[in-house]
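This is the structure I have questions about; it appears just below.
Labels run A, B and C following the written order; every chain starts at residue 1.
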Amino acid sequence: MTTQSSNTLAVPDSTGSRGTRIIGVLALLSMAALALFGLVLSPPDASQGEVVRILYVHVPSATFAYIGCFLTTFGSAMYLWRRSRWWELVAYASAEIATVFTAIVLVTGMIWGRPTWGVYWVWDARLTSTAMLLLLLLGYLAVRRLPADHEVRTRRAAIVGLLLVPNVMIVRQSVQWWRTLHQKPTLLANGVGAKIEGLMLFSLFIGFIAIGLVFTWLLIHRFRLAWLEDQVDEAGLDVAIAERRAEGAAS
Amino acid sequence: MLHDALLIAGKDLRLELRSRVALNQVLPFALLVLVLFAFALDPDKSALTQATPGLYWIAVLFSALLALQRSFAIEAADGNRDALRLSGLDPAGIFVGKVLAVSVQLIVLEMLLGIGVAVLYTTRIEGWGLLIVTSVIATASIAAAGTLFGVLAAGLRVRETLLPLLLLPVLAPVLIGSTRAFEAALNGSPSEGWPWVGLMSVFALLYIVAGVLGFGPLLEES
Amino acid sequence: MVRLRGAVALLGRFPALAGVDLDVEPRRVVLLRGANGAGKTTLLRTLAGLVAVANGEATVLGVDLVADRKLVRHRVGLLGHATGLYDDLTVGDNVRFWGRAAGAETDDVEHALTRLGLDGRLRSVAVSRLSAGQRRRTSLACLIARRPELWLLDEPHAGLDQDGRDLVDALVREATAAGATVILSSHELDRSLQLADEVITIAGGIVTRDESSGAS
């Protein structure tokens, strides 16, 4: 039973550590700074007015949603190539957080769209491909959470995860052509991609830091949780083998 | 690999010839979808004719889902997966063989569905070159992605619900591309259609490579 | 031929084999005995390279199963509970498909069909219309057509009539005469004990008794 006791020693009883507590405090502080700069100190936009403030959350969320997708694909590749369970858990944890961030992007985008375009939803290339991204991520999570053996779930999910970024790229390309071949991308010109400077740029910068810290904090905690779940599964194995052998010896 | 692929494709097609599931069930379903579209969209207004390419490919896509479910249902029964793993067949060959068999069935279905559209929706068919190339590439894309996700969902209790969830978002570019290319061909401006054929070729290539490499690992640990 | 040392095999999280030691010499017939759930089927599937060896050592036909168990698969013939046949294809189509998949020639396929008495009317009957015993015969024909070096038979006598069971025994003797090795599990003890050179008893996923019977 030595392996079992060493397992209990190696496994901590929470997903927090000094590192995550520091990141957590920094995330809270930067969120407060984001609220201050984004809502109070920065001026309204010349063409968009007050609505522009939601972009300080929207744009960084989109960026980190994409980073999450890349981590999922990279982690899946490392799992398939090197059999690295560590990377498999990174892929899983990032996919979950990328899903949350993609949902935030969609919701904030729709809230931003209502006053800007007059409707919650237009078949804009970016909105559409973000919606498709959410569906692709949900597909990955559906496979990863299958009611099946651990090995079956992780291996099949890794194939889906590996194809995630190539899929996103092809979907984006097709959706972009689909919209732009028929109408000019006028909405984009004064939309998310519009030029900003001064205090507004600085607010956006703070937005990146705040959202980035939240992303990192969530990712570390989610990863550690998944790791602990794995350890719990693993710890039972020695006992199961001993019980099975005893059953044989008794007969 | 080619020998194994032809063996598998031959077996799947022979099985279809004997059981006639695609002929007796999938094809009528596809035609039924065409009729349902006419009920949903008033056929006297121009909506139906304008939407014809999209409706055609939606009908193909849904029929393809049924054909793919069938393609893996025949391997799901009674230890076939074990037998395939023990057979010594190259997994890449199994993948290519199943893609071939599904593609052949889909091409036949598309031709009959095309006749159905021409008759029921009085579509005048033009731009044959683009139509044929689009059909071949789109079919290869659907079959390749469908076979990869088909084996991914195979052997699970939730396979019927999982396959559409995984496959349909992934096939969105193929639906957009084949529809636009058909529109371009029917409108007499095929030059607008060829970039879509290019995009779908990239898609088909990606999934054929992924299938050839990934089918082995997916066949294990069922 | 077969050498296992402390082999552990998992079905999900359940250790179906909990450290098996086993040695089988070439051209022997080995009978596996044990209650239901003892691990007989998992042991046969592990030897066929289907189930991963999670711990310990395992070598079959010179192939290290821990390193790459796929390499052994096309050289063994496994007769399991599930038949692995396509219901909508005929008996002849099934045997030809599985035989050719393993690289068999037309002659091997014909020989297998004839040997199992499937060359007549039954040849062109769909498998879905066969009785359980006839399915068993078709599976055996697929196995023979592969010409395996190691036969793994999981209750080969089950579901067969008197003639069929005699035929199984005859096939096993022919196989060892031709140089193959046979490992079988069976609840038909009288019949199997006559056939077997060695009897291995397993329980709780381990070998509890290892003995030779008759001439060894």
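Please note the rule applied: a residue touches a chain if its C-beta (ideal position, glycine included) is under 8 Å from a C-beta of that chain, and two chains touch if they have at least 3 such contacts.
Since this is a predicted model, take the numbers as computed values, not measurements.
Note on connectivity: the fewest steps through touching chains from chain B to chain C is 1. Comparing the CA-atom centres of all chains against that of chain C, the greatest distance is found for A. Among the chains in view, B has its Cα centre nearest the centre of the complete protein Cα set.
As a whole-number value, the distance joining the C-alpha centres of chain B and chain C reads 38 Å.
Once the centre of each chain is set as its mean CA position, chain A and chain B turn out to be 32 Å apart.
Taking the mean of the C-alpha atoms as each chain's centre, chain A and chain C sit 49 Å apart.
Contact of a single residue of chain B with at least two other chains is seen at positions 221.
Counting partner chains per residue, chain A shows two or more touched chains at residues 149.
Interface residues of chain B, counted against chain A in their complex, comprise 148, 152, 156-158, 162, 165-166, 169-170, 172-173, 176-177, 180, 192, 195-196, 199, 202-203, 206, 210, 214, 217-218, 220-222.
Note for the complex: chain A touches chain C at residues 149-150, 233, 236-237, 240-241, 244-251. The touching residues of chain C, when paired with chain B in their complex, are 45, 48-50, 52, 73-74, 76, 78, 80-90, 93, 97-98, 100-103, 126.
Across the interface of their complex, chain B is touched by residues 80, 132, 135-136, 138-139, 142-143, 146-149, 151-152, 155-156, 159-160, 162-163, 166-167, 170-171, 173-175, 177-178, 181 of chain A.
Across the complex, chain C is touched by residues 4, 7, 11, 14-15, 18-19, 74, 77-80, 82-83, 85-89, 221 of chain B.
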